[in-house]
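Taking it in order: structure first as structure tokens, then the write-up.
Here the chain labels run A, B, C and D in written order, and each chain numbers its own residues starting at 1.
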Amino acid sequence: MNTFGKNFRVTSFGESHGTALGAVIDGCPAGLKLKLTDIQKELDRRKPGQSKITTPRKEKDQAEILSGIFEDKTLGTPIAIIVRNKDAKSKDYKKLKNIFRPGHADQIWEEKYGHRDYRGGGRSSGRETIGRVIGGAIAKKLLGKTKIIAHTEVVGNIFAEKFNIKEIEKNPLRCADKNKAKEMMEAIKQAQKEKDSLGGIVRIEIINPPKYLGEPVFEKLQARLAEALLSIGAVRSFEFGSGLCVADMKGSEQNLEKEGISGGISTGNNISIAIAVKPTPSIAQKQQALNNKGKKVDIEIKGRHDPVIIPRLIPVAEAMCAMVLADLLLEPPSFVSQLK
Amino acid sequence: MNTFGKNFRVTSFGESHGTALGAVIDGCPAGLKLKLTDIQKELDRRKPGQSKITTPRKEKDQAEILSGIFEDKTLGTPIAIIVRNKDAKSKDYKKLKNIFRPGHADQIWEEKYGHRDYRGGGRSSGRETIGRVIGGAIAKKLLGKTKIIAHTEVVGNIFAEKFNIKEIEKNPLRCADKNKAKEMMEAIKQAQKEKDSLGGIVRIEIINPPKYLGEPVFEKLQARLAEALLSIGAVRSFEFGSGLCVADMKGSEQNLEKEGISGGISTGNNISIAIAVKPTPSIAQKQQALNNKGKKVDIEIKGRHDPVIIPRLIPVAEAMCAMVLADLLLEPPSFVSQLK
Amino acid sequence: MNTFGKNFRVTSFGESHGTALGAVIDGCPAGLKLKLTDIQKELDRRKPGQSKITTPRKEKDQAEILSGIFEDKTLGTPIAIIVRNKDAKSKDYKKLKNIFRPGHADQIWEEKYGHRDYRGGGRSSGRETIGRVIGGAIAKKLLGKTKIIAHTEVVGNIFAEKFNIKEIEKNPLRCADKNKAKEMMEAIKQAQKEKDSLGGIVRIEIINPPKYLGEPVFEKLQARLAEALLSIGAVRSFEFGSGLCVADMKGSEQNLEKEGISGGISTGNNISIAIAVKPTPSIAQKQQALNNKGKKVDIEIKGRHDPVIIPRLIPVAEAMCAMVLADLLLEPPSFVSQLK
Amino acid sequence: MNTFGKNFRVTSFGESHGTALGAVIDGCPAGLKLKLTDIQKELDRRKPGQSKITTPRKEKDQAEILSGIFEDKTLGTPIAIIVRNKDAKSKDYKKLKNIFRPGHADQIWEEKYGHRDYRGGGRSSGRETIGRVIGGAIAKKLLGKTKIIAHTEVVGNIFAEKFNIKEIEKNPLRCADKNKAKEMMEAIKQAQKEKDSLGGIVRIEIINPPKYLGEPVFEKLQARLAEALLSIGAVRSFEFGSGLCVADMKGSEQNLEKEGISGGISTGNNISIAIAVKPTPSIAQKQQALNNKGKKVDIEIKGRHDPVIIPRLIPVAEAMCAMVLADLLLEPPSFVSQLK
């Protein structure tokens, strides 16, 4: 199942070292102004080689629109957009053909599907998120004045303390605290020296969300957001509103909180979400792995990898939230007098 | 949208003070042994009046099977099961008709739907979870030797330290640590005295899960579990595997973890999940509320409420996880030679 | 899969000789005026024992509303409605336990599901349509001034020639031509004498349909209507607009036709549909059947059966069309300026 | 909604004169042998310029595989395949920008979506069916020894009388009766002279279908097939098994028929379906049309059009049936002992 959403449906496709990756967005209403640059701008935030702390794989990740847009406006028909793979050095991966990389999905994929594109993880590669970013870019346009801004709150044991929204896109970490960003960069460099990688926490602010999104039972807004964000491979936790802190709150306190969601439905107030992101599993140090005969072997993963995935995961997290909101925005009317 | 799942579909219905609540389970294969007691047993774990720390509302929550079962086996047809409301003291709620209770969905519901059953929250009441527990009971049967066991890990600032699985159903808190359970009970009694309520953390162990559940992109097992659990009203966070701790782990450490899920797919190893549960919003102390004219008013909620919702949320959390697993168990074959 | 529709979703349940049949209608907007009589009125048109040409099985088919309606208006929550089985003479069927009735789904059901409620066909009985009629009754209310009127156009080789809309509910056949209805009745009596049954053609007029229902590719309005009507067991054909006649029309002629649907989308003009209905398979004459050992046996079906099913199929056909229209009426807006 | 199917999901995209058309096939199991030629072969049967009775628009309709296939086998990931538009003479259509062609969806599209690609009908063009043929080609591979063979049964008032399966692909009409095919060709030439077009009937034989496809209530096999075929723009009717003839059959006769479907479920016997196809609406003679100001204007459609669409619709009809069968083949097991 590679389709996300019910009304605003994003069908993602493509393998890391295949011909192309992309997405088909179906259900986007007609008449939305949309240009290639709206898409490319977001892909550029996700692409490799942005800074010293992202993989140097040289992919321009150039988008091409195949359908659904005419005279710079959506037609109400499916919007197909693709990105061709260019710098796919498949040779690097030949020697990994029979080895299951630690922290990766190689082994389970081989078992579940019987047949696997071992080159760079195939569909289980982070390059899969290109389709998400394409879908999210269109969702963001549809959301108009609602803004979804993700930023780095924690790397390792360093916590951002300030929230300066203008700072976010100015540093490679997309951290809203300039000084803490520098400390985080130092920690990352240190991890790189140790041929290791770091994890952290990303916070997502949904500013000025539409009112009345989400439904009272299974389709609570928080449920849909949690599903969306946990579908990103590296994410290990989700919290919103008072989050984990509710464990030690009293009813009289918690009742005073404004969480932006009540009974599963958006109130129009801002929503704040945090997700924990695991350290990149591809590290340069020698590790023990299993091969496809079940034997333990030593591997050193040479490829080109990110010492921390957070800055490139940020546009993906935003995209997932945008897709959820766009999807719910297109829900049928909730009362009968709203019908045409 | 009151249907959960794609293959194993549970459609829930019913309001707190309506005629009946229930669920229709569609997609359950034929030939599964199923008796009324399989359902009733789970409903009894959820029902009010189980102990001093649950609401004294006297509902027997007696299930009736309307369809789908013949000679104690499923027919492959929809299984409809209902629970009639008995002890629905609607009068208690008349005076709340025009007042929006703090921490409840009253106001947003009124705004979104225009028309509302104000008696006990209607569909936004915790009684809605009866349908979930019914669906989960059948899912559990389908899962056979996979066990899903939820227990109280934290109440307020008291943490369980031991994990004695046999202890769980012996104390009112469903806590696996007998002594800590006693401390938690004391804390709850204290909160009750203060006309207040407490929150906490529930841990869910999925023991002996089927292999290969979940899919690599949007339908990762953790995404589906997160959605399922965050759809329970009081839940504010979700974590699995290394959870929040990944923020301060290195790649070399995290790669060694066995989380039971790899690349979104179950490996067959046990899976451990934690969710934070907010304190019950219905408290007896005087609170400020809004009425439907937008004016602030003081209210004291008299009804019959739980000082901590965790023990009754536990069967609901288990049910949601069971439904996710059953749903994914029924996914089509992943490779072509598995086709009949 | 016992759910019909995407936005207006009707989940049907129940076996012919089980405890109860019914439906849960989810996605109906809040604030729609709805009374039990709106449902009962349609069930009464479907129920047995209406006339000499319907089975004398004495079922009052009394509906009970379990949820979703408060103060005679829908709440926007799932509407659950049930009908209990009363006159279920299961004994009549005991002797058919191991025999597969000709023209019925007994054998294929046994093979596909392994386990079967042999009493009156279980879920494959025409009583299953009670859930459809309940769903359709609510859909009709939602459709307001759109009227869906089905009537008998052909029985055997007798064709209605006049269309007098007021006549339809006045004769047992629901035929719009009073005199031809009498001829049809004679033909049916003759078939009854011969212990046989008759088929025919039902025409469905959709009068004053909402504009813009349906979508240009897979979800064309005619595709959805065809699926809906062919899901009724006895239906063997579907045509709309110029129908079969297009085979011998020229482009210059056909281009002038007003079919009410253009490019899959309703234009607001009336839509006319015809479906062919097979003769009832349960007949009193001796027939050859297979038993569950694969042997040929003679059977005489004693039960209580309809010599022609058309008059009771008419409310079901209307219900299916109503459910399609209601479902499409709730589709998201097709262009962006229609968004709130 | 441009996705067809639940398990085997085909998402189609593309406009007649846009950059490319194509499809993403999701849910196809891993390990299926699949080459570009499997797709191209079917596209070639649909492409223009095959014979004198198809439009001379010169599109090679060359397929390119973007994802989902590795070493000539499916990966279990989405298969994206595109066809670029080459011979798109958009200029021909400029003058039709403000005119709604008779028998086309131009006007309703303009009204429903507000924004329209007027070049060749955009998404409402028959070129849209490229995505269907791609999906169907893969479905056919999955179906293995099940064969789906469509052929021309009627053109105008000429009926095929013989069924010689080897003849079908030998004449431009794909008619199984060689001599009648010649007569049909004459009739078409005559219509061309009159600047007009013809309709007819296509019969589809499903040979050696898998057993147990389809479900007893809403998802009857015939319902799914009817929906699939009626979603092809030119189709006006559907019948299967005894079809329309049931109107004049008796129960005792009809009970003896083998229709290949019983109670909505395939029995393994062959299934025969007929659909009526309207004459091509684009004809060269002068016609009256409406423009976007609501005025009547005369038009002569110059483009390049088919005098009968049937031979090119045949691979599309086969594709739709193949997609339905593939989709149902991937349904979850119907009884519990079939679970792994």
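Please note the rule applied: contacts are C-beta pairs under 8 Å (C-beta built on N, C-alpha and C of every residue); 3 or more make two chains touch, one makes a residue touch a chain.
Everything quoted here is computed from the prediction, not taken from an experiment.
Among the remaining chains, those touching subunit A and also subunit D are B, C.
For chain pairs B-C and B-D, the one joined by more C-beta pairs in contact is B-C. With centres set at the average Cα position, the gap from subunit B to subunit D is 47 Å.
A straight line joining the Cα centres of subunit C and subunit D is 28 Å long. Computed from the mean C-alpha positions, the centre of subunit B lies at a distance of 38 Å from the centre of subunit C. Contact of a single residue of subunit C with at least two other chains is seen at positions 1-3, 12, 27, 30-31, 74, 76-77, 112-115, 123, 216, 334-335, 337. Residue ranges of subunit C in contact with subunit D, taken from their complex: 1-4, 12, 102-105, 107-109, 111-115, 123-124, 128, 154-157, 191, 194, 196-201, 211-212, 215-220, 222-231, 233, 235-256, 262-265, 267, 276-283, 285, 287, 334-335, 337. On subunit D, the positions that touch subunit A within their shared complex are 1-3, 9, 11-15, 18-22, 24, 26-27, 30-31, 64-68, 70-71, 73-80, 82, 112-117, 122-123.
Across the complex, subunit B meets subunit D through its residues 6-7, 27, 29-32, 74, 76-77, 142, 210, 216, 329-340.
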